[in-house]
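Two complexes are shown next, each including subunit A; its partner changes from subunit B in the first to subunit C in the second.
Up next is the complex of A and B:
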């Protein structure tokens, strides 16, 4: 059985499957840069099911308003307490958008309030070095969404460990392409995804 | 013709002879009477829970040559208190007895144990641990909590390494780690100075790709270090020489066992077989050996056949995270060296008791060892010589005075 399977959270509200190519792209990068025994196919796991605990790193995204059910909320709370990490990325790249507002509310209700993650956090040097913090995305630089370049990611910490990681940078758009197309990029923009996986597997 | 005074001479001799006979009798009794004071005999009734000082005193008298015997109903109880070899600062109290036991310390009652005895774990003990059955009490010094050393986790980047480190850290261990990310990249955790083998008390190996570290690990164990082999490392060929057993083919865990509150049944397992003669079994699953340990020179090796124990923490029941943490902490504690308590505590199975002061950890055993078995009744003490009747002294005095007066009356010297 592989050491790592990339899992995408399926939640009752919203469009959880808005970035279907992200898993394959991150799986490709993890296999490309590390020796981690990664499953070649990702998994989709309902946020409110006990299967969530089979995947200590789970990715969640969407454009639409997010409303967790009671089961999703309680499962997420337990998931974080046991050592899981949920990575939430705003596919709208818009701090005034519905996803952002509702996701923040739900995270605060289930686990706790999100706070800025320092740009010298271990996440940014878990494998590749990101001395300036989270890498910018083309969607930020092109002025789409909220027309902001977000300086920080946000997180809910359990001790010194990240339990919830939140991004307004729209990595879901940035990474949502076929892995074969990386050859057209001068710099692989999924490297931060590798850091996220290595961090989750080691901290 | 003899004068009347001369006729008293035989009577004077008779009176003198009788008086001398009485005096001789007294002297003879004094000389021949049994000398009870030469070998004093001491007998104590130990029913009322002799103090350690009282037992010390009796043993001292026995060693000095006194005849010391004891009797009474002293329950055959024994207790020992040992610190857990983990960072929890808890103490395990073991006690055995034929009857139910009450346990306590200087602050009061702690718990009770059923007939036959058992073990409990307690923290925050004050003063000696005291165990009582009826009127008999046993006590053992509460040891100082042991100071655990550091732990080094060697594995590869993955859930098993991550959650093993987390469990040990949450249990209070100081953990360093060296995790393999690829053939050429290692992620490290902890101070570089503590990465070198020898700075730790225990190494947890989770990976087979130990490379040159394997021979260093063998030296580490033989020099007194502890080694825990789990996951794939349990079957690492390079460490097979020190492993307590040989792991078999991997068996997948039972489906649904997490839901059935039997998390260990859910974990993949390589059953441990071909146990070495000196190995001891620490854990079984339905008759299958799952954890075993052995000594190797000055060190210890613990081998666990389970794999993917992280699932226990994530998928186990409500206590899954806690149980996983305690299980790992116990494994590491089993591999770490014995605690040093300055010799204050007693140890089960150490054979002879210390020569110094008698401790109260096993009062009946101590009494039997030092004073012999209890006697059913007190041994007869030699009767004290009976004093002669007072009238014999008076008669002796009268005879001597009469004899003296008679002689003076007839002018004899």
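Up next is the complex of A and C:
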């Protein structure tokens, strides 16, 4: 069994599978830049399932409103308490969007309120260095969605460790392409994904 | 007999006339001196057009000022001189009078003695008058003659350059012939002859670095001297030679190009660029919006405003009638309100009326309306512009008398839940009435409810069966499809229902949990399977006349049905694609032993811009040594710009002109460099993608 399997959370509401290429892309980057023993294919894990505990990093995205069931809520709370990291990315890149509002409400109900993550947090130095905090996405810079360049990610901390990381930057769109096409980019835009994996495995 | 006063009056008139002529002569000489001076300065340094335009007003002003000065200083005193003053003037020049003239005109002397009168009469005054007049006129008229002669000696056109300056007179500058003998490219004049359809006259440009002309224009480049050859985009153009002037004529090329002029002494580059004639702009003012008409009767007023940069040719309203429905449509088109415009009309308006009755329109037909305008471009056109299209639809008869409502039945689970609630209510009522109605009645009514519950359970089972069958259908295999079919056989409805029942009967007291290996359709059906099971337990209790025991199962069944409703999800994408990353290939550890190509940073997008900046910086050093060559280098750099970078092109043209003219070129070069570098880009908001 590999050390790391990239897992995508499947939840009852919303379109949890809206960015199907992100797992392969992150797996490609982890294999490309690190020596981590990574599974060659991602896993899909129901958020309310206890299988969630098998994965140190779970990725959750979507466009539609997010409503967790009681089972999902309690499993997520236990997942965070056990040391897991849930990375939630708003596929709408829109702070007024339904996903954003409902995801914040659900995270607050399940684990606690999200707060701005300082841009000098250890996450941004976990593997690659991002001295200005989270990298911007082309969707932000093109003014799509809420027409904002979001300065911070948000997080719920368990002690000094990130339990839930929330992004309005739409990495789901930015990274949602086949890894074979990475060769057309002058700069690999998935490097921040490697930081997420390394952070989740090492904290 | 002429009196002394009359003789003095005659002298006064003569002096006044002479002073006036002198004033005019001085004024003329002053004005001509200004023109002469300007001509000489222009011959030496070549005055720019704005300065030359000031010369004629300056000459007139100088002449006027001189005339005023003369009028104040000489004409006015001469005309207003008193008899006494004039008498004293003559006494001073004719001592033989011995104050006889003064005495003769003295108003204090009542009676002049005859001897004095005789003495005055015998002394001629006219010779003095002529002498004085000659002195007065000689100097200014001589000056006027000299200046006039000097101007007449100037070459053809040299004076016109200062008196009536016009674009294209650079070759008429004094001394141009001698300059051209050394360098026939020292001064050139470019004449742009627009295509005939524009009705515009030719324009001339003095000594330009670049020329922009309408597509189809004829460019004529002229200069003094001989020995010039020309190369336009590797095509040699032979110059025509006449009267000491060389002339090159060609059509403006479609893209910016450099005309290389080669003379005996040096080369010179002229950038020639064309711009396209714009198509006419049409704005449909009426009808103002799309409409739906109840019937195809009446008239629709049409009105459109038209504009073109070089002249409209004609315009009309075009309509297309589309009739039909579905995949069968027919079209008819026509024009109304056509109008031709006179040559040179750059703005116009067309008006018309569309008579709906004449179009044989049927309900449901659509009329598409727009205004079309053509220009007179006979070079690359005619250019045709169209307004936005308005649509008029003829309503169908049934559009106004009905409202379309698509009825939709409640979903199957919802219907079942309602029925289940009803059975629950009836069972609860029976439980409450049981002590009063007796055991036989309770048993009879309980069995009746059990029958209802069984019917409902069967309906839920049918829903499950349909769904499971669909799921089966999604994964249906066929012979030869490559799958390992093994013992897989299609299940009949009873088997499917039995399988569903088995799945639901594992432990009816707990909710089914996902096992991770079933299809989404099965996952969605789990609450229904639970409800199915709870209904079975409820019907069993009812059949044994135990309504109180059936109620908890009914409540659980309702709860399960509610979950089934909440679980209704449609995933349009189906299953996400399963992408397997070839880790060995990514890490270069697989069978592919060759070294993967190194990932190199792509050149920045503005690499071309950086290269142009480097060229610009390199040529700065050559400006002092060879400004003309540096100007040509600036023009060649301008030719390498993308067509869209108009600001940089204009800045480089201006810089080339400034360098060619000489003097302080710092400001022009600064502007050119800023334009080449582009607008500053703020980058502090962008973070790098790691290091």
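Note that the second predicted complex is superposed on the first by the 203 of 203 C-alpha atoms of A that agree within 3 Å, B and C clash if a C-alpha of one lies under 4 Å from a C-alpha of the other, contacts with A are read in each partner's own complex, and residues count from 1 in each chain.
Everything that follows uses one rule, which is that contacts are C-beta pairs under 8 Å (C-beta built on N, C-alpha and C of every residue); 3 or more make two chains touch, one makes a residue touch a chain.
Computed from a prediction, not measured in an experiment: that's the story for all the values here.
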Combined model on subunit A: subunit C and subunit B, fit or clash: fit
Which of subunit B and subunit C A:88 touches, first, second, both or neither: neither
Contacts of A:130 with subunit B and subunit C, given as first, second, both or neither: second
Subunit B versus subunit C as contact partner of A:3, first or second or both or neither: first
Contacts of A:111 with subunit B and subunit C, given as first, second, both or neither: neither
First (subunit B), second (subunit C), both or neither touched by A:53: first
Which of subunit B and subunit C A:196 touches, first, second, both or neither: neither
Subunit B versus subunit C as contact partner of A:24, first or second or both or neither: second
Per-pair minimum CA distance [subunit C against subunit B, superposed on A] in Å: 12
Common interface positions of subunit A, toward subunit B and toward subunit C: none
Contacting residues of subunit A [partner subunit B, same complex]: 1, 3-4, 34-37, 50, 53-54, 56, 81-84, 126-127, 161, 198, 200-203
Residues on subunit A engaged by subunit C in the complex (per definition of touch): 8, 12-13, 15, 17-18, 20-21, 23-24, 27-28, 31-32, 38, 40-42, 44, 46, 48-49, 51, 128-136, 141, 149, 178-179, 183, 186-189, 191-192, 195
Partner subunit A, residues of subunit B touching it in the complex: 156-163, 166, 179-183, 185, 187, 189, 259, 308, 310-311, 313-315, 320-321
Touching residues (chain side subunit C, partner subunit A) in the complex: 514, 516, 566-567, 569, 571, 573, 575-583, 586-587, 599, 601-602, 685-691
